[in-house]
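Letters are used for the chains, namely A, B, C and D, taken in the order the chains are written, and counting of residues starts over at 1 for each.
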Amino acid sequence: SEPVARYALGLGDDALVLAHRLGEWIANAPELEEDVALGNIGLDLLGHARSFLTYAGSAWGRSEDDLAYFRGESDYRNRQLFEQPSGDFAHTIARQLFASAYFDALYRALQRSTDPTLAAIAAKATKEVDYHLDHSVQWLLRLGLGTAESHRRMQRGVDAMWPFVGELFSPEPEADAGGALEGVAVDPESLRAAFDELVPRLITDAGLAVPTIPFAWGGGREGRHTEALGPMLAEMQVLARAHPGVTW
Amino acid sequence: SEPVARYALGLGDDALVLAHRLGEWIANAPELEEDVALGNIGLDLLGHARSFLTYAGSAWGRSEDDLAYFRGESDYRNRQLFEQPSGDFAHTIARQLFASAYFDALYRALQRSTDPTLAAIAAKATKEVDYHLDHSVQWLLRLGLGTAESHRRMQRGVDAMWPFVGELFSPEPEADAGGALEGVAVDPESLRAAFDELVPRLITDAGLAVPTIPFAWGGGREGRHTEALGPMLAEMQVLARAHPGVTW
Amino acid sequence: MVTPDDDPDGSGLRRFEELLASESRVEPTDWMPAAYRKTLIRQISQHAHSEIIGMQPEGNWITRAPSLKRKAILMAKVQDEAGHGLYLYSAAQTLGIDREEMFDQLITGRAKYSSIFNYTTPTWADMGSIGWLVDGAAICNQVPLCRASYGPYGRAMVRICKEESFHQRQGFEILLALMNGTEEQRAMAQESVNRWYAPALMMFGPPDEDSPNSKQSMAWNIKRFSNDELRQRFVDMLVPQAEILGITLPDPAIRWNDERGHYDFGELDWNEFYEVLAGRGPANTVRVSRRRTAHENGAWVREAARAYADKQAGASGA
Amino acid sequence: MVTPDDDPDGSGLRRFEELLASESRVEPTDWMPAAYRKTLIRQISQHAHSEIIGMQPEGNWITRAPSLKRKAILMAKVQDEAGHGLYLYSAAQTLGIDREEMFDQLITGRAKYSSIFNYTTPTWADMGSIGWLVDGAAICNQVPLCRASYGPYGRAMVRICKEESFHQRQGFEILLALMNGTEEQRAMAQESVNRWYAPALMMFGPPDEDSPNSKQSMAWNIKRFSNDELRQRFVDMLVPQAEILGITLPDPAIRWNDERGHYDFGELDWNEFYEVLAGRGPANTVRVSRRRTAHENGAWVREAARAYADKQAGASGA
């Protein structure tokens, strides 16, 4: 149905945009092991994105690539955290920590969706996200507790990504659609408790301060984005758009 | 004539691509004065680019914007130095030093072109490039002789841009076109002596080593570019290409 | 009245009051009340910060400007803003505060700047809206400041206002080109104006009854008109321009009031204003941290320049 | 024959020669001649460096891959290359050299890597050509190395070859999709193959008569076939695949020679090869400096990881 497709589109965009950002690290990471690790995480997320977008597109007769390459910025539905620039390694780890904690809670819950496709995608993704979260936590500790410089940078990273945490728990716009998502979608608000139990504790364990910075407005699910998304999409879509309608 | 238009196109692309790179610094410079200075230099170069491209386009019934926004990477004719990523401030200064020394010699000579349009553009540009060269030289000295860190970075910058210096003096492809550019175009080879007299001395005065790194192949004037140009054009052209044929 | 320590015979204060009464300028060497100095430092440095932070929402489109002419105009404009920041820091410096100190307040998030720059610029049309609405509102605010009692500030404003009105005209032209363009371009312009209209009106600050500091500033000849007066002036200016553009201002309550000789307009949602002011706007953190990152990444450059200058001074002194 | 110091009775050498004669593996704990060790270190580390540097020409298109499937395949491939680099560094480490030392040689420009990666990838079709031609040539080179006498190297090559042949197939598929596509796509594929064909053939090294080191490597069961033999094998493999693709190999001299049972092909321009080798290729400096920059920018991360590990070790030791 239309609301389910739109719900899947949002989830797909979250994963796609973050996967793209992680891809930017390849051949640029601080050590080869991280070229591999960030690539792995990016690949997993790209897999999730493709599953969600294919499912969403099936409602509209559009392929995953139609959706990924031929929508403009204001048609992208990802929450703003995922589009944030990769910054230095600490920024990336902070973004990934928040993202993975959110995905982890989300996909666990989504496995119980009454929509079998969404439940199946979530079941597969949960295992992968488990590893992603662990990866971020390990680095959070290393950087938070490592050297004075890494501590400073990790705090900066956490602070920079923090304003985009609040939006993760804002309602799905389709939730109002006459109950069509009842039992299908996860209410983001229901994920907040697990996140709030876990993430501040991790930050504290890493010797860092839990930010008191206010959350930004958000609005990614309504197509409102930060200034980071436009240039990212320009690069991502340039080749596909130069040759519309072809097969690669 | 066609060869003159193609010659002007190459000169226009040189200035345009470098102007775009300098624009990337705005709101990111090490101090406000440099936001202003790099913006000024970029604006001057953009002015030169517009003059050259307008002149080139007049031979083909195409506007400056047709040429800037609706040619792909392999149709861009700039020499590769100008498309190099801005890197840190020292990379930018090194790129600008080489560029300004080249432009300075080129435009001085081009003022004597038998083509009155080219001569007029060059006459105006010469004065501006004079200031650009001075700006780069001042920073070369400050960074080369400033601190150990700035010395190290300035040497890196000079080394990184050096491979692209050789191409500046390679022949214009149109020079073979049956003598059509005789008296119109400047033979790049004729600029080498002034460059070689000036630039290594400046580098040495700044306490830096003149690189012994070999020159890269080049080929920008034939549309062969380094990997830096494609993503740059993707961003530069994205909006114009999304709305072909309109007026802004 | 208690005479302050640095003005034991009260002659400074008398002269200061004479200057105000005669609409003359107070100059850096003149005696002035500590509160006047403090107010000016706060106001001028906030204005400078606004120029600096204001570079970003427009800087966002320099690399994507859709024509070379627009690219050139935009680069020049953003660069002008850096220049304005520099004049204003200089004006504030005459009051005895270092530029480094002010800049540090900015990049550590302790200083305020105009909340309007915490909005984002998702579309090209925002370059038009910022010019037309934001610079337009800024001009209404700033033209009276050209007569501000403090000399260096007033003189800086004269120069800035000249450039700002140029910028406003350019913004208007961007929107005009869009409104004369395709359906998509017109929609882009309208959507952008819908977003920027109310925030621009809020640039004049809260309604007069909620603006306690204004009265003192008016007495000191710093502020010349109340927030609501300026806001009215701005709306009166916008309405006919919107008609020329063929754009709809997103306030159905706008209509000419013959009795008042002004346009009536609707209530503003001040909650949004206070939300953004409190740091919950779309880009608060990003704006400050971008400039801080630029500053930190440039630390080695500034150190090198200082070290080189010291060596040169040492060499020429020897 | 002079017996080296670490093999006073010559028993090590005898055993080494027996292992070679029986086509068995030499293992890290076995005695081996210093020159054999040195040759292997050079070869394995150069191979590792090539994998690391080889990430860049393909990494260039990850952000612009034209479909999500291609994006995923490309990310996985570039990541495999990092993995190959890691296995190979491990294999080299068994010969008594540190990974840090090898990596330092790479990023300071003192170590060699395959010259092919100094070419650039201006078009998407280059992702096809690298897979089909460059990985294809690599496989021809590497399959015999699976039987290399040095155990850790041979075993690493087994794993690498499996993945490489997968990569080659993916490259072929990219070109096939382009050749089945529009006129523009076909032109893109052909133009790319025109650029990569000769450099790929040169990956086997200079003609046998100009390749003095090969003989010793063959005696040591490291190298199994001569440069020219491998090149011939590669051309024999390419020609029928090019026919399936409908792509023209840019060498008019290619024709079947019934007598030799092989395809004849034209002379290569070895000047170009030596130019690139000497650092005058399109991207020599860029490749090394990009990895060096990544390494330098990541120094604080590695230091933090070390400091944290030390603290953990200290805490658990206490």
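In this text, a contact is a pair of C-beta atoms (placed from the backbone, for glycine too) under 8 Å apart; a residue touches a chain by one contact, two chains touch by 3 or more.
Just so we're clear, the structure is a prediction, and the values are computed from it rather than from any experiment.
Colleague: If we define chain centres by averaging CA atoms, which chain lands farthest from chain B? Would you check?
Modeller: Here the answer is chain A, farthest from chain B.
Colleague: With contacts counted as defined, which of the two, B-D or A-D, has more C-beta pairs across the interface?
Modeller: Higher C-beta contact count between the two pairs: A-D.
Colleague: Counting in whole Å, what is the centre-to-centre distance of chain A and chain D, each centre being its mean C-alpha position?
Modeller: Centres of chain A and chain D (C-alpha means) sit 35 Å apart.
Colleague: If you average the CA atoms of chain A and of chain B, how many Å lie between those two points?
Modeller: 40
Colleague: Round to the nearest whole Å and give the separation of the Cα centres of chain C and chain D.
Modeller: 58
Colleague: Could you list the positions in chain C whose residues touch two or more of the other chains?
Modeller: Correct list: 63-64.
Colleague: Which positions in chain A touch two or more other chains at once?
Modeller: Those would be 230-231, 234-235, 238.
Colleague: List the residues on chain B that touch chain A in their complex, please.
Modeller: Result: residues 72, 230-231, 233-235, 238, 241-242 of chain B touch chain A.
Colleague: Can you name the residues of chain A that touch chain D in the complex?
Modeller: Going by the criterion above, the answer is residues 16, 20, 23-24, 26-36, 39-40, 42-43, 46-47, 49-50, 53, 64-65, 68-69, 88-89, 141-143, 145-147, 149-150, 153, 235-236, 238-240, 243, 246-248.
Colleague: In their shared complex, at which residues does chain D touch chain A?
Modeller: The touching residues are 52, 55-56, 59, 62-72, 75-76, 78-79, 82-83, 85-86, 124, 174, 177-178, 180-182, 184-185, 290-291, 294-295, 297-309, 311.
Colleague: If we count contacts the way the header does, which residues on chain B are in touch with chain D in the complex?
Modeller: The touching residues are 73-74, 156, 159-160, 162-163, 213-217, 219, 224-227, 230-231, 234.
Colleague: Please output the residues of chain C touching chain A within their complex, sorted ascending.
Modeller: 57, 60, 63-64, 120-123, 275, 278-286, 289
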